[in-house]
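Next come two complexes built around chain A: one with chain B, the other with chain C.
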Partner chain A sequence: MVTYTGAVDPPFRLSMLIYDRRYRSLTLQAIVFILVMLAASWIIDNTLKNLADLGKTLSFDFLFRRAGYDIPQQLIPYNSDDTHLRAAVVGLLNTLLVSVLGCIAATVLGVVAGVLRLSSNWLIARLMTVYVEVFRNIPLLLWILVCLALFTEIMPPPNAYRGENPAAGMILFDMVAPTNRYTAIPSIGMTNPPGTLALGREGISWAFIAFAVVIAAALAGRRLLRSWARRVQDQTGKRPTTWWISLAMFALPVLLLTWYFGLHLIPPVLRGFNFADGINLDNALVVLWLALTLYTGAFIAEIVRAGILAVSRGQSEAAFALGLRPRRTMSLVILPQALRVIVPPLISQYLNLTKNSSLAIAVGYMDLRGTLGGTTLNQTGREMEAMVLMMAVYLALSLIISAGMNIFNVRVRLKER
Partner chain B sequence: MKKSVFFGSVTAVALAASGALAAEGDTLKEVKARDALNCGVNTGLIGFAAPDANGNWSGFDVSYCKALAAAVLGDATKVKYVPVTGQTRFTALSSGEVDVLARNSTWTFQRDTDLKLDFIGINYYDGQGFMVRKDLGVSSAKELNGATICIQTGTTTELNLADYFKANNMEYQPVNIDSNAEGEQQYMAGACDAYTTDASGLAATRASFADPENHIILPEIISKEPLGPAVRHGDNNWGDIARWTLYALIAAEEYGVTSANIDELAKSSNNPEVQRLLGTTDELGKMIGLDAEWARRAIKASGNYGEIFAATIGEQTPIGLARGLNAQWTQGGLMYAMPFR
Partner chain C sequence: MSDTHSETVAFMRETMLPPQPPPLAQSGAIRWLRENLFSGPLNIALTLVGLGIVWLLVGAVGPWLTHSVWNAGSMAECRQIVAETWGQGATGACFALVKHRWNQFLFGFYPQALYWRPVLAFGLLFLALAPLLFSESARARRVVLGLALVLTLVVSAVLDAPGPALAGMAVAMLGWAALVEARPRPALLASLVYPFAAAWLLWGGSLWTEAMALAGFAMGFVVWRGLARFGLFAFALAVVAAAAWWLLLAGPLAAALAGVLPLRLQPVSSDQFGGFVLSITIGVAGIALSLPLGVILALARRSDLPVIKVLAVMFIEFIRGVPLITLLFVASLLLNYFLPPGTNFDVILRVIIMVTLFAAAYMAEVIRGGLAGLPKGQYEAADALGLDYWKAQRLIILPQALKISIPGIVSTFIGMFKDTTLVVFVGLYDPLKAMSDTIRASFEWKGAYWEPYIFVGAIFFVLCFGMSRYSMYLERRLKHDHR
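Coming up: the complex of A and B.
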């Protein structure tokens, strides 16, 4: 055995920091690090100095003062006597609401459009191409404004539903009234309400909790059912039919609870200036949701298409040769492999959608940008604090989404053994 | 050795730059060096500040900008109009983007102190009102329970609205909008039952409608909205110049000095107050770092306060605002210039 020990290292000299390749990268990194820190300290110093010149100090006291303004859409109780902090939370919840709704709808739309773009039907495939290209290549803000203009100009005002011969009629069995302010939909009433669980300023109805428990139990039952079916299939080679059992597990308790609580729909009624009794879905939310969905859906469609195309044709041919039907081929062979390609870029689309929701101000949807970064910032004059807070919140949101999706990614990615 | 010199110089440059970038200084000097006045105005409110088809700004607030530019720079056209929304206006002023803010801004305690602004006077005494369509059948703001109301976000009107409805035990649904143009569009489409802002703004907005006769402004005025130009805290000399330019316009009306007779009066007037105002005796201008004829140029730019009012928002214009509270104190109004002495 021969061991080459190499030359003895020459003693360290200062010039080696630049001329010796072993040290050079370290030197450069150190210099860049120092420059970056200098730039950062300069920015911070300059900011603080300018704030001091203006006679302002960094202070977050304003969060605990009375907000004094109203917010159109609130998921938690809020009125103008509450603090700016609560207003910011109301805004944050509105951001989350439109983001979650948007992510779900954009995923559904994107998957459908992406699969259809690969359809062998020429017309459908081309239509989807047009959809993707049109929505991907026009700025989102314009789509938001177009949707808003469509909703405000085309839909009738609530007044049009008034009188003996109204100019506009309610749709879907007189249950839904689209207007240029909101879409009035029926709310759910109970003839036998079970009371509420008090939580802070507003409680959660026990009925809601009962439904949640029942549905969670049904989901767990479905899991057990499927593992039982798999065991039977492994032993006998025949998979028992289970769809009606799992359907019954969901439907029966839900129907029972509905009958017990006496659930029924309360249609919206025009009273005074606006519809009452029902739920008024603000157009700002609908418009923003629609625009975000259509825009992000176009990107997701391309990601899905790329994911499916990334699975080699041999895979589906092999599946067909084994006698798998097309639907099972898709769900058992192609999709699991395609998901590995789809999920990572999907994460960034979800992040984009969440961040893009801050364009809400264009339609007057009071999200975090509208409350904390809009009215609160303006009424208190705390630009720096409000901006820093908003950046921190959006950063935290993005990191949480990213972390969640990465966990999902780990579960679907190729398991190498 | 070399390295420490290098880092030393980097630090020195950084420190020097941070000093240079700090928004501190003598606004008068800056404006003169720039040879242009940056004036923050409304993004478009007919009568107060709006550009015409050729991009020339005109209006009540714009006239003040012109007067100030004439006083400081000797030329009423040397104004750069910076359109700012209700949300961006105070940041624009405190960051130094504009030298003076003449944008229907209400003088409030918090803005004057906490926001570090100095309101230099009041050029329009206003109050918040509501505009509705005639066919809505509403004749009082008290009947607006349950209504959907368009409101410009980031304004005092937003807070007054919340207070008014709360005090009267009424409900409402706000529709937040960013600019007057957007509010107009939403109101016209019927997306809100009522539009609320300062009564003068309502009159100006209504004047731009195709069918102004179908809209009414409700009689209730729910707040005091003293509107005036504002400058940054801290530069008192610039504040003085801005304040006394406004007073010069108001005083000129009181003493009957108009853009038509000003040159003649400068030569022939025996009124000592007019002589001081126009700089024929006592060089008041020097005390604020300007020349003797500063006020003369300011008044010549678009006339005295009364002339500006009549030409932009007065009863002869489509906006048709009466002088009301904004008449001279001698006529039963609140316009009162401090003595030029």
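Coming up: the complex of A and C.
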């Protein structure tokens, strides 16, 4: 009998680093790594030399010095005596504000436009096609400039609202007054304010905390309710009606709190040359929000349309054949499949919107780029530090959003068996 | 039974009646209206809303557009003409501005006598692209070639190109078109020369600068092919040889050759670029450079070699994580810090580099999607044929992966072309904001807001919409499966 003892591995020779596929990859990686490190050290060396030539050092001290400039739109208290760091935080919050507002509005607009583009109504479908194609094929910057021109050129000045027979009328039940400098919207007032929770200079109203707690509790209650309903369905085959209970869980405490705190809207009123009592939204914010919404909405409309078209008709027919009602067909069969197609590109649109909000530079909205990468950079002359910090913040924002997307992708992935 | 019937009944109609037209409500426009606009209460409501929107839009913009003025010297004159023709208080668009200043939107501050050079560069672009983009459909290719040829010549003549230049253009373009038609493969080589020819036409100066840059590539290629049996080392040597050529020999040689045979065009500096010449220069350069870079990055990200993969992931995620504006600011503020003291290079080139890196990261993700979408059997089949990594990628994997990713690639291109407007924030004259602001700052056209935006927006729309339609055409043409 012949037994095969197996080939003996030849002893390692240096030439195998080049000719043997097992070792060649190691050689290649080592070379690439060394080259990249050399390039990086070359760049860092150049940077240090250049900075030294200009008499600069790398230091982030400037963040703790007095900023000395004002920011028109702020979510946390800020004045020109605050530090550059606080200015940067105000800018970051402004970026987040316009991004979140934009994402919400663009989603609503995009879903409506995407669904309507598939409508059997010829006129509406064509209108939506025109909207989508026009907004997708023209640069965002143009839409921002057009919206800016709309507000600065066409909107009336605040004092046009004055007098017995004003030249301009407020819209939305006399609650909103768009002017050429700001948009006055109502503020929220309380007849029975519960005081604020002081956190340094910021304060959070207890009313806000109460609402947050109530809504969180209602969400938890809704979860319990659903699992109970599922249990009952598993045991008896009948699903108890739960929608009015979950609605009541949200609505009742919220209404109760609203009544208790005496929540009401305070409409803006013209006093002197300007509107008072309400909130005067900087037009830069409104313009940027509007433009980002219209632009991103067109992209989201296409995503939604593709998602709806991706679920074949057979799916809903099969669900009906199983005896599911239309509403549950939608929630159990159609939506989960459409969402799997829609959500990943949707979130990358959110990411794009957040990054595009840096076009605030075109309207003078003080976002992160306007504060840290704009006025602070110009005043302190610390280009390197300010840019590195700004890019790091944007990068962190994007990575957080894409981490969220990855979690979603893993959860909804097709479980193939 | 009808046949039994026919024998028993005295009278029987022997000819068929001509078919009646369908009822009025079931045919033609009325039926179409009923089906598409008024099929139910919801549909009727939607139609009414749609009509309302159209009414509002037409009401708001219609009079302004129909009252437009095309012949005037200034905004005040426009307003006067509108008031005289349509009565006091009427508003009208003043497209006289476009007529007066179109050249600034298109060419920026490019010297007026030299407008034919960017036009020629743009026309040649289609000659260079024809063998690549329309390789299968001879008819489409001929239409593109013919249009490019005729339009370039006509536009150049209208723009007062000097006679010798026109004659030279006609000869060169006809020769190139004939080459594309007769010998497609050498025509591809001509396409490779195109970027250098375009750079020469746009920036002018001595031809030998661009020629020597091209010679560096040629030399690298010769070294690589000559030593091809050494595999990757040949490639490394080729890179070294080309770099040595550019750094040591190209400059002096170009100067010497220029002394012997001065082939010069009047130089145009980068700060004279503006408008669509700038946008299209950045856009085309970015597109041409980002595609190969994106392919390399995508392959690196899917590589089995961990170091290369990690480097690619870091690069791609970093670029995709920051806004383009910050990268442009890096180009204008920080790039000089990264290079040896005293280096200072052209701002357009810096912007092109940044835009390319930006687009390449997005491109890499699109192509990675295409690579991932390919069935595993394709990779295994390539291995089974005994192809090495690069041959397998080049012959089997990439052609299919790129084909799947065409829609994504083109939409990345469109996005990048739209993003070229952002160069205004680093001080370049983009057609949209910088040019509009410049023109609005002049005494005559103060207060003209909408006309520049409409003009520039329309051009962007045509270009981007054209690209997306081309990608649809390409998708259909390349779709060999699932018939």
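The definition used in the following text is that the second predicted complex is superposed on the first by the 370 of 417 C-alpha atoms of A that agree within 3 Å, B and C clash if a C-alpha of one lies under 4 Å from a C-alpha of the other, contacts with A are read in each partner's own complex, and residues count from 1 in each chain.
The working rule: a contact is a pair of C-beta atoms (placed from the backbone, for glycine too) under 8 Å apart; a residue touches a chain by one contact, two chains touch by 3 or more.
Just so it is clear, the structure is predicted and the values come from calculations on it, not from any experiment.
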- Query: After superposition on the shared chain, which partner residues are touched by A:153: those of chain B (first), chain C (second), both, or neither?
  - Reply: both
- Would you check which partner chain A:361 touches, where first means chain B only, second means chain C only, and both and neither mean what they say? both
- First (chain B), second (chain C), both or neither touched by A:317: neither
- Message: Per the contact definition in the header, classify A:137: touching chain B only (first), chain C only (second), both, or neither.
- Response: second
- A:50 contacts which: chain B (first), chain C (second), both, neither? both
- Message: Quick check on the superposed pair: does A:383 touch chain B, chain C, both, or neither? Answer first, second, both or neither.
- Response: both
- For A:72, is the partner it touches chain B (first), chain C (second), both, or none of the two (neither)? first
- Message: Based on the A-chain superposition described above, do chain B and chain C contact any of the same residues on chain A, and if so which?
- Response: 46, 49-50, 53, 153, 361-362, 383
- Contact set on chain A toward chain B in their complex: 34-35, 38-39, 41-42, 45-46, 49-50, 53-56, 68-72, 79-80, 152-153, 157, 159, 180-181, 271-274, 276, 280, 283-284, 361-362, 364, 366, 370, 374-375, 377-381, 383
- Message: For the complex, give me every residue of chain B touching chain A.
- Response: 7, 10-11, 14, 17-18, 21-24, 86-87, 90-91, 94, 110-111, 114-116, 136, 144-148, 153-154, 158-159, 161-163, 166, 172-178, 185-186, 189-193, 232-234
- chain C partner, complex, touching residues on chain A are 25, 28-30, 32-33, 36, 43, 46-47, 49-51, 53, 116, 119-124, 127, 133-134, 136-142, 145-146, 149, 153, 355-356, 358-359, 361-362, 369, 373, 383-384, 387, 390-391, 394-395, 397-399
- Item | Contact set on chain C toward chain A in their complex | 36-37, 39, 43, 46-47, 49-51, 53-54, 232, 304-308, 311, 317-318, 320-326, 329-330, 333-334, 336-341, 414, 418-419, 421-422, 424-425, 432-433, 436, 449-450, 453, 456-457, 460-461, 464-465, 468
